Amino acid sequence: MEDHVYKKIEITGTSSNSSDEAVQNAIAMASKSIQNLRWFEVVETRGSITEGSIDKWQVTIKVGFTMKG
Amino acid sequence: MEDHVYKKIEITGTSSNSSDEAVQNAIAMASKSIQNLRWFEVVETRGSITEGSIDKWQVTIKVGFTMKG
Amino acid sequence: MEDHVYKKIEITGTSSNSSDEAVQNAIAMASKSIQNLRWFEVVETRGSITEGSIDKWQVTIKVGFTMKG
Amino acid sequence: MEDHVYKKIEITGTSSNSSDEAVQNAIAMASKSIQNLRWFEVVETRGSITEGSIDKWQVTIKVGFTMKG
Amino acid sequence: MEDHVYKKIEITGTSSNSSDEAVQNAIAMASKSIQNLRWFEVVETRGSITEGSIDKWQVTIKVGFTMKG
Amino acid sequence: MEDHVYKKIEITGTSSNSSDEAVQNAIAMASKSIQNLRWFEVVETRGSITEGSIDKWQVTIKVGFTMKG
Amino acid sequence: MEDHVYKKIEITGTSSNSSDEAVQNAIAMASKSIQNLRWFEVVETRGSITEGSIDKWQVTIKVGFTMKG
Amino acid sequence: MEDHVYKKIEITGTSSNSSDEAVQNAIAMASKSIQNLRWFEVVETRGSITEGSIDKWQVTIKVGFTMKG
Amino acid sequence: MEDHVYKKIEITGTSSNSSDEAVQNAIAMASKSIQNLRWFEVVETRGSITEGSIDKWQVTIKVGFTMKG
Amino acid sequence: MEDHVYKKIEITGTSSNSSDEAVQNAIAMASKSIQNLRWFEVVETRGSITEGSIDKWQVTIKVGFTMKG
Amino acid sequence: MEDHVYKKIEITGTSSNSSDEAVQNAIAMASKSIQNLRWFEVVETRGSITEGSIDKWQVTIKVGFTMKG
Amino acid sequence: MEDHVYKKIEITGTSSNSSDEAVQNAIAMASKSIQNLRWFEVVETRGSITEGSIDKWQVTIKVGFTMKG
């Protein structure tokens, strides 16, 4: 079996609805330009507040994908 | 443009329903006494367990708001 | 009041649906063999990706329970 | 059961006698102005030295208490 | 010598000019409402960018001061 | 000399008297079921508060012991 | 309001003059090839020394910018 | 596809020869009593020294395996 | 002397043979598309296990290289 | 007022009696060869175990002292 | 090319003027007794406050230099 | 049994061949001037790259040894 090499990039997804959806939005955007996304790791969860309630969840993840030679 | 100063406080919200709701409850409580809440950062996620299932989500956040001179 | 001693174990729950459900699945599995689960702490949130969307949430928690003498 | 919200503050107690007493002094002082202190977490232990022996233990803790609505 | 107790608060100063000035602005603001500020610790340095150059330095510090009984 | 393998478990001892005694209680309990305890590392020190003074010290340690083949 | 996605890259700026200028140099270089830089976070500050004085400040930052779909 | 749950244990392998072999020794020992080992993560690398050269590499890893219901 | 700017990317190399070779494989792959690689920093060492022995070492590194204007 | 420079060294004190005494022993030893010790910071607390109880507390501290020109 | 060995020491420089100057002061002092200083890494930035403004910047760095055999 | 005190110093070994040899080189150099080296802890692993392959492994360790009174 071959020795693969993976690259990780760091992206921040946002969502008005939930922290999980912020992750999904980040992955959906990354998958438009990168194929072979393999895994993600949550790095930071934060958000903006407007008038005493959450405006946007902002979740930063690292996404790993197979590097092509 | 003016140089604002912000203060951050650390609060722990709880919820029987979800980790996201624990954050919302923390922010809702803080907004009763503090105006101009601007952002939050999740610091720790934990919870209590009763009879083998989650009793309360306990999510600690830092909340930032504009300091008045 | 007695001086209790607690043990913590580290487990990773998975779920196709949500990060919260991954925690619940981990606790449900642990409670099959361990009684007196008392609390959990989220240690790491990651997941696998298939065709540009989340395949499995993988959430690692520490679970604490009362040790018997 | 209600969803409580807790606030944490960070204080540094000092003592000429022991690290444990520095924690106790910090909690005793905090309890003068805050009711319903619930738990503490040790954040940092340091101290000053005079003529080759410990002058003051300085222990920083976070103290959690119930927020009132 | 008395066993003092200190409180630390976390504030974020901003400045268009320099990271050091952001710290000074934070301390100047805190000293308007708190006496006996004793020391600070830099926690995080970040900033906003406009048109390819730094708009505002945002430096978060903890500030310690003597608690009164 | 043989290449030993060690296992570490994470346990939380409690004590009404001191942080050191909380560690001793944790080790005493662990030694009831595990032989060959070799070393410990303090991971976290916290505690509960009742009426403005420490109710229980809660100290989490990792304890290492020799694994048998 | 739309759910934006941001990407962060990690770059190290250098300067013979000051730590702040090392950050500015890093941002200036990044802005040549990337539009819509939004914020930065300082990750590490180090430097080289020649003949007992600072030769180059080397400041590593993460820079965030809006990802295009 | 089923939602698996994994458990992680922390073990320290030792070797007179190399850091990699210390990891292999730890895994070999763990596999005597645990089936379905799936992955490991290096947590800490240290060692003992005798007469100015390395006596034993001591590498602590976490090992993950599938929990059975 | 000019003020260079460096970029760091995060990649994971794998190897069936050793942790060092996993690093070398990561660098070899990165050097196919990036010139002027200058240094690396090991971020995480993990691996997969098959039938009680190491299947693949997976070592994540950051690699720094000179950015061109 | 002059701009002092301080040096910190890292030492590990041991004690059969208590964690605090391990710190005191470390400082006492350091003060034999270094004058002007000013402060200490606890870095790590661990210990050895013999027959199910603590043999030696091992507390690592950093000690700061004034550097002479 | 020879395999050099470097030593790092930890020192805290102070300055009434700026955080950068505190670093420079630390390096200048270290270079009085140590030759071949090669690089530094900023570890911590703090300071003392007098009457609501910064009295001394206190910046702790590690300084690396070539060890002689 | 006596209460020993240990000192730790931080050194960086380099090697063209392997990460393990970089550690060995660091220890060999330290043992030229310090007797009674007892243990080491790996703090950081990095290296320089030349023409797409590793030039030097640079491994930073802390080395502990018995302090003499």
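Lettered A, B, C, D, E, F, G, H, I, J, K and L in written order, each chain numbered from 1.
Throughout what follows, contacts are C-beta pairs under 8 Å (C-beta built on N, C-alpha and C of every residue); 3 or more make two chains touch, one makes a residue touch a chain.
As the structure is a prediction and not an experimental result, all values here were calculated from the model.
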Minimal step count in the chain contact network, subunit C to subunit F: 1
Contacts common to subunit I and subunit K (chain labels): G, L
Where subunit E and subunit F are represented by their mean Cα positions, the distance between them in whole Å: 38
For subunit D paired with subunit E, centre-to-centre distance based on mean C-alpha positions, whole Å: 21
Whole-Å gap separating subunit B and subunit G, where each centre is the average of the chain's CA atoms: 30
Residues of subunit L engaged with two or more neighbouring chains: 9-10, 19
Each pair of chains that touches, named by its two labels: A-B, A-C, A-G, A-I, B-C, B-D, B-E, C-F, C-H, D-E, D-F, D-J, E-G, E-K, F-H, F-J, G-I, G-K, H-I, H-L, I-L, J-K, J-L, K-L
Of subunit D, residues touching subunit F in the complex: 19-20, 23-24, 27-28, 31, 37-42, 63
Subunit E partner contacts - residues on subunit B that touch it in the complex: 1, 3-10, 62, 64, 67, 69
Complex contacts: residues of subunit J adjacent to subunit L: 9-16, 22, 25-26, 29-30, 32, 56, 60
Subunit F-facing residues of subunit J, complex: 18-19, 44-49, 51-54, 57
